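Written out below as structure tokens is the structure these notes cover.
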Amino acid sequence: MSTLDSAILTLVTFIPLAGGLLLLLFPRRDRDIRVFALVVSLLTFVLSLHLPAHFQRAQAGFQYETDQLWISSPNIHYHMGVDGIAMWLVVLTTFLMPLCVLISWKSIHERVKEFFILLLILETALIGVFVSLDLFLFYFFWEATLIPMALLIGMYGHERRVYAAVKFFLYTMIASVFMLAAIIWLYAHTGSFDFVVIRDKIASGAVPNFATAANWLFLGFFVAFAVKVPLFPVHTWLPDAHMEAPTAGSVLLAGVLLKMGTYGMLRFNLGLFPEQSRANASWIMVLALIGIIYGALVAMVQPNMKKLIAYSSISHLGFVVLGIFSFTQAGLDGATFVMLAHGVSTGALFMLAGILYERRHTYAIADFGGLATPMPRYATFFLFLVLASVGLPLLNGFVGEFLVLSGAFRTRAVYGVLGATGVIWSACYLLWMYQRVFFGKVTHEVNQSLPDLDLRERTALLPTAVAALVMGVAPMLWLDAIDPAVQSTLAPFAHLMSKVVGR
Amino acid sequence: MLHLILFLFFGAICVAGAVNLLVQSHPINSALSLVAVMGSLAVEYLLLGAEFVAAVQVIVYAGAIMVLFVFVIMLLNAGEEERTGGSRVALLLGVPGMLIGSGLVAWVLLEHSGTGEVAAGALPGPPKIIGWLLFHDFLLPFEVTSILVLIAIMGAVVLASHPETPQQTNSQQTRKEG
Amino acid sequence: MTPNLHLWLIPLLPLVGAAINGIFGRRFSRQTTAAVALGFCGAAFAIVLGVAARFSSLTLPHSEFFASWIRAGDFQADFAFYLDQLSLIMLLVVTGVGFLIHIYSVGYMWEEGGFSRFFSYLNLFMFFMLTLVLANNYLLMFIGWEGVGLASYLLIGFWFTKDSAASAGKKAFIVNRIGDFGFLIALFLMIQHFRSLNFETVFQSASSLPSETAGAGLLTAIGLLLMVGAAGKSAQIPLYVWLPDAMEGPTPVSALIHAATMVTAGVYMVARSHVIFDRAPMALTVVAITGTLTALFAATIGIAQTDIKKVLAYSTISQLGYMFMACGVAAYSAGIFHLMTHAFFKGLLFLAAGSVIHAVGGEQDMRRMGGLKEHVPWTFWTMTAATFAIAGFPPFAGFFSKDEILWRASQVNLVYWGIGVFTAFLTSFYMFRLWFLTFFGENRGEQPAGHGGHGHGNIHESPKVMLVPLVLLAFLSVTGGWIGSQRFEKFLAPVFHAHYAEQAGSEASEITGHAGSELIFTVISVGAAGLGLYLAWLLYRRRPQLPQQIADVLGGFYRAVANKYYVDELYAILFVKPLVDGSARLLWHGIDQGVIDATLDNGAEGARDVSDTVRRMQSGNLRSYAGWVAMGAAAVIAYMIWMGTR
Amino acid sequence: MNPAADAVQTIPQGVEYIRILPEIVLSIFGMIIMLLDPLMDERRSQRTLGSVALVGSLAAIAATLYQSQHPGLGFWNMVNVDSFSTFFHFLVTSVTAVVILTSYEYMEVQQIRAGEYYGLILLGAVGMCLMSSAVELVLIFIALEISSISTYILAGFRRRAAISSEASVKYFLLGSFATAFFLYGVALMFGATGSTSITAIGQVLRSGPAPLLAYVAIALMLVGLGFKIAAAPFHIWTPDVYEGAPAPIVGFMSTAPKAAVFAVLLRILFEAHAPGTFWLIWVGAALSMTIGNIAALVQHNIKRLLAYSSIAHAGYLLVAFATLPNNGIPAAMFYTAAYAAMNVGAFAVISHFAGAGERYVTLEDYAGLGRQSPLLAAMLTIFLLSLIGIPVTGGFFAKFYVFSAALQANLVGLTIIGVLNSAVGAYYYLRIIVVMYMREAREEVPLSSVPLGLGVALTASLVATIYLGVLPGRVLDYASQSVAALAR
Amino acid sequence: MVPVSYYLVLSGILFACGVTGFLIKRNIITIFMSIELMLNGVNLSFVAFAAHWHALSGQVFVFFVMVVAAAEAAVGLAIIIAVYRTRETLNVDRVNLLKL
């Protein structure tokens, strides 16, 4: 293993933070700040490409590991590493970040420095969540995402930003406290924060009192993740947060932050508590299904473009949870893929909504209509990404959803069937919205002269469109790294499956 | 027997003084009741043999501290107590709490104090031995009390003195603003 | 070693064309755009012809693997193509008719805005349709399946500034999605039970299962779900509602997608999955009944339509019903045969109708036409050929295929046949009604006063570029059936009978055995068609005032028919409105805001109230504070004494 | 400790003075200030005296470090210098230094000219230092009085403000009231065991069933100490006093004396082995956390809000007292240190921001601070985050150690209450952050630039907060050494 | 011979009277006097226990308490004066600017 391999995760994680700190020293010349933020985020992205480039795809375990003792009491390690799942989420984060910088180029014109500092800090925290293998480290990054995000919403948001920011913060904070309690319990009874150590100890039955506490521990983790996902009925923070967040905030919120929840379920709920996961799967899947259908139906009737996309996220993330708790290879592969795909396409949709907001300062669907005429390029991008989101084959949305549903179907047919109705709903709400915004005659005179996408905006959008296409056509580029990771996650379920189902 | 009579007599004065302190509405009367309490307490100390303590009680407590009280009462020209009903909590919670607490403590003291009887002047405390104790075993607390006294002096000086000139400018400012 | 045919070129060429026109089309001249579109589409056609030429030298079915697409656990789906007789026919139809329609479109769309966009979409459609046809597994087929839906959405909504067009596109997509939902579930069932979506694997596994004559089982379920998908795509009851609305698209689109190719994908899929259907009689019956009912139902609506394209749309639905009827009676080759001839004549009908519309400057209402025969002779004559073909007059193409279907249906159940014949009568009637109304009599249209888009002022024949495809298709509509159903069936036999169907031999003998009775049935059906022609002549040529009287007599029934049995309205009341209102009122305002957020807000409010109460402790009064302390002290003392005395 | 040597010894040995060296240093500097004050020009005295005080506190820190090399008993078993008391000495003297730095600007802005201010801080610190090292109840009482009386006076230092003297008198009267309870407890403990030495009491209480009188004594002492640490239901004075007292002093008295009282509490509970207190502590902890956090939800005055927060934190801290000494003692010690770091820092910002006459102390005044002074706002944010208990701040590990100690002692219920409370608590800290960053200032709050002294103070608190959050190991290890001394 | 507990109870009564005074008196000075009363009660306990244990240290403590009381008195009365200056009242019920 080369030195770069062992240091790469640290580099990728902390370069944005370093950039943010450097920004502190910058004079308040907005242009320089923007350019610098872009450079830092691009650098991070390029570096992060090292991960998939040198990833041993056939290998299941964690790679690029670094493990150093950080604090001896409690026994906290600086333990980082990625498997195929986490790796792609890291790349997703670094991929979206330069786009976020680009999309915020003009829309943020006050307190620019703080904005980009927050953005870069947020990137570090987000990446940290995905690469941490030490529960403490994980919890730290987990909480650390909260603050810059809440500040982004609260400082740069729209009218009800404070309400949204506080709601977001409290919802997730209160929920993650349960996870903290569970983590502390685990530490108190295993003497370690290390994910691998704890997992092995639990698996070998070396944890005292585990049997009585296991279900509570599972729930402690689960609640924190479920709020983040967000799962019905703890989802109501999301529409508000999205509604008020600045575009870059929404992109990251939908694109990456929500995935922290599903990633957490995948890694920790399934990884540490396979038996409890299995025991609780049925109601969790029901919640996921409710999320899929409910989110879609509510999205359908939203009068506001951004809220609509927000509710659609609830629906899409329902797929992810459904896939995760199907405990099938296809389901988990698909869930991971949906995470990535949703990050790209919904992130892009939020960027598009933001572009429109920059021009018209409204998200209300009723304020638009017939936009395809003045803004054909914009309409094209929008359509493309709507279709990606709808799950059109050969675009990124389809692969994941298909795998998830087939996995869910295999677990219990009715789940698959109900989940598959999501295919219909998503077409309903997105196309209806698209029609109302873009088709017909231009109904508001102001919209007649809206400028089409400029070069910067196209530069920001094009990568997402390309990614959406490539992911749809060649999902194997992603899946062949994800598959072994999923396989090892599911390993403890193999014998459980035979025990419970007798199959 | 005499011991008991004296104890009860001066104890009664003590309690009467204490109750009178509570009942009197003018602070000067309360202060005088407190002096009575302290005086009779000095006698109780004597009964227990603590002669030096008794003397100091009269000199320091009744003599110095109470004079200070009376001085302040006079200085501030404190008059009759107003009968304001500011606090129901004190009556509804505090007094029952006090009764329960003191009842329990009294019970413990009577029944479970683990103490026997004591003769008059059981433990004489002559100044010599007390002095030796003060400057030997209790040297550190003794020295430290000097710090305490120092603080008290400083504090009294600071707080009792008139606030400095900026007060006027400040209050003028507020008046202007008002 | 089978030769590498580079089948991937067939779908990919149109895709390249689409991409070029989509990305750079804005900067192209119309000529360049047209050249690109036609070039790539034509190239695909040429390759298909090349494949057809080498066809006899191939070992069939011929598979070509290109790349693996999805692999997750034990599930795998590839980019791999599958060529057999069935797909060859489909390829020929799609590329051939498609190419002709491309040519036609150049003329038709020449003066429209978004020329390059149109051809980009059209090529995109070709890509997906060819993928659908060539796929070697259900998932790849599903790509095409959804993709043609997308292209259809785009093309129906091509004139997106028209609200009705935009809505129609959306409706088409969503209704198709409902069908796709069924298709998806079918796929899941296959994955679960066959562990694969490869045609060969699935069919192999399915053929090893016993026929589910006794009761419904896995195969029945798969079959029914596939039928849901097919019903969506091929506009069968109850999912047909999108197709009439789809006529909002440009007419070549209606011809290509909504008549010749895409809508027949359902038929293709059912035929392709015949192994499953063969073993699921109940599913087959459902297919047959659906097809039969749709054929009749759509035909009755067709009678009362006044929009020339709507008539054709309902006629398409009706004809698709025939095809499903054929599949439902396990006469797959008959269905495919009809699919092919239908592609010719219905494509032609639409193109001709387009030519008519073009001629009268965008007018689509037949009541405003009439007497066009002299103005547009080429169109008239080609349309005549197509009309006779669809009505089922020998020796036009439609006769052979429809006759075959009816005869095969009669073998299974005479009810199918009866309805089929009645439908044939209705078909003949409304088609000739159209014919008479459009081309004969006086011109009832207002004198076109310089209608902007076309700007010719007078009724005029279409340019040559449009007429050439008309003529070619007319030729095919006439001669397409001459190949004969028997020969056609024999060509397809390896697909439908070769290694899977066990009763292949017995059926073949049946066909030859009952030549005599077949003739009787043929006469009856041709007679029905003739009756239709007569009635149309009577009503719309001889006594033009009669239809109105009949309509008045029929009253409510006529209104119901004219309004398409109010099905759209019914769906709106039954599904759309409750869903939208329910989502808004119950879910969003009700649960989201009313329950969850309200609970949270009340919780927060409650916490504030509690907080307010707690801070009342802090009355500011010193004695109260002392009271608290005293009480607390008492409690502490009491507790400690209790501890001490325990 | 050699009893024989003890018997013959009539005057304290040299090393014993080292064992009270920080106290001596602080007293000397306090007296120097007292002497210098009248000699100096009023206008310039502030700076000089402040500097002297700073030097004094730094010298005391140095003395503490030096003292740590000479552990042992001194002055006839009156004081005991061990890692435990060194820890608290260091804490108290550091807090003193930071508070003095904070006060420079504050005193100027408030136009308070009194050299006694610094003298009182230093002399008060003597009491606090002594409290942690004293192992004799009467000395503890005197030390407690020293620290209390100096803070009574300091609380009333804004004498032009009515609320300041009100705070002072409330604090004084209730404080004396509570001290009387403590003293009564000492008396009864003396009666129950015949000794006031904690070691001796511990021996008696360990040797057999404790007399009932001892229980009452402990109860009364707990009342007194509970009052000082603002544990419910004896917390009631805190909000009023914190609101009225000068901001730097609030920072001071919410940390240093509190830490010292916690040290006393640790000694009494663990070293003297007070029996039967478990549920008392349990209920006290739960009540404090809950009342503090809930009442803070609707506060508008930021000082008052932090007062309630300090009640809540006392509750978290008390959780450690209900656990096993092995984990509980280090956890509690760590908590006091972390709390001191973050709270002193927060109050430093508040002091700076309050302006003349402490006009700007409501939440609304903080609106727009994030824009007006990003650095100051960022610092306050970090302190607040630490108070919430976000990782990589001292506040996180403080809570972490306490709760993991609780879980190791199987106090699941208390842990859940605590964890829920810290979630609720997040809300009101967050409100401050929200206001700073997300609300626009309604009126322009005058804000001077941060002077050097305050800057150093803030940086020091910040560094301490972060250090405790990133590398808590050393401090915890050091605290763990005390376990052996306290819990035999 | 008198039981030591009598003395103790007397001290307890004085302490309780002090507490009661704190609770019911309105005048700040009187309240402060109540505190002195409490301290006096404690002192009696110290002396009584000293007699019980035959330990003179108990008497020594009384001195310390007295010093503390004196210091407290000095400071307390100064504070009271300060309050009187700003509020012009000695009634605790009126000293309630700080609340809630």
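Which chain is which? They are A, B, C, D and E, in the order written, and residues in each are numbered from 1.
The rule we apply is simple: contacts are C-beta pairs under 8 Å (C-beta built on N, C-alpha and C of every residue); 3 or more make two chains touch, one makes a residue touch a chain.
Because the structure is a prediction, the values reported are computed rather than measured.
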Steps needed, at minimum, to go from chain B to chain D via contacts: 1
Inter-chain pair with the most contacting C-beta pairs: B-E
Centre-most chain [mean C-alpha coordinates]: A
Approximate Å spacing (C-alpha centroids) for the pair chain C, chain D: 78
Intercentroid distance (Cα basis), chain E paired with chain D, Å: 25
Centre-to-centre distance between chain B and chain A (centres being mean Cα positions), rounded to whole Å: 68
Centre distance in Å when chain A and chain D are each reduced to the mean of their C-alpha atoms: 43
Two or more partner chains touched - positions in chain B: 86-87, 90-91, 94-95, 98, 101, 104-105, 108-109, 113, 115, 137-138, 141, 145, 148, 151-152, 155, 157-159, 163
Sequence positions of chain E contacting 2 or more other chains: 8, 15, 18-19, 22-24, 26, 31-32, 48-49, 52, 57, 64, 68, 71-72, 75, 78-80, 82, 85, 92-93, 95-99
Chain-to-chain touches, reported pairwise for every pair that qualifies: A-C, A-D, B-C, B-D, B-E, C-D, C-E, D-E
Residues on chain A engaged by chain D in the complex (per definition of touch): 71-74, 111, 114, 136, 139-140, 143-144, 146-147, 150-151, 154-155, 157, 161-162, 165-166, 169-170, 173-174, 177-178, 180-181, 184-185, 187-189
List of chain C residues in touch with chain A within their complex: 67-75, 139, 142-143, 146-147, 150, 153, 157, 160-163, 165-167, 169-170, 173-174, 177-178, 180-181, 184-185, 187-189, 191-192, 579-580, 582-584, 587-588, 591-592, 595-597, 600
Partner chain A, residues of chain D touching it in the complex: 370-371, 374, 381, 385, 388, 390-392, 396, 400-401, 403-404, 407-408, 415-416, 419-420, 422-424, 426-427, 430-431, 433-434, 437-439, 471-473, 476-477, 480
Parts of chain B lying in touch with chain D, wherever the complex brings them together: 104-105, 108-109, 112-115, 136-141, 144-145, 147-148, 150-152, 154-155, 157-159, 163-164, 166-167, 170-171
Sites on chain A touched by chain C in the complex: 167, 233-236, 239, 294, 297-298, 300-302, 328-330, 333-334, 370, 372-373, 387, 392-394, 398-399, 402-403, 405-406, 409-410, 413, 416-417, 420-421, 423-424, 427-428, 431-432, 434-435, 438-441, 473-476, 479-480, 483, 486-487
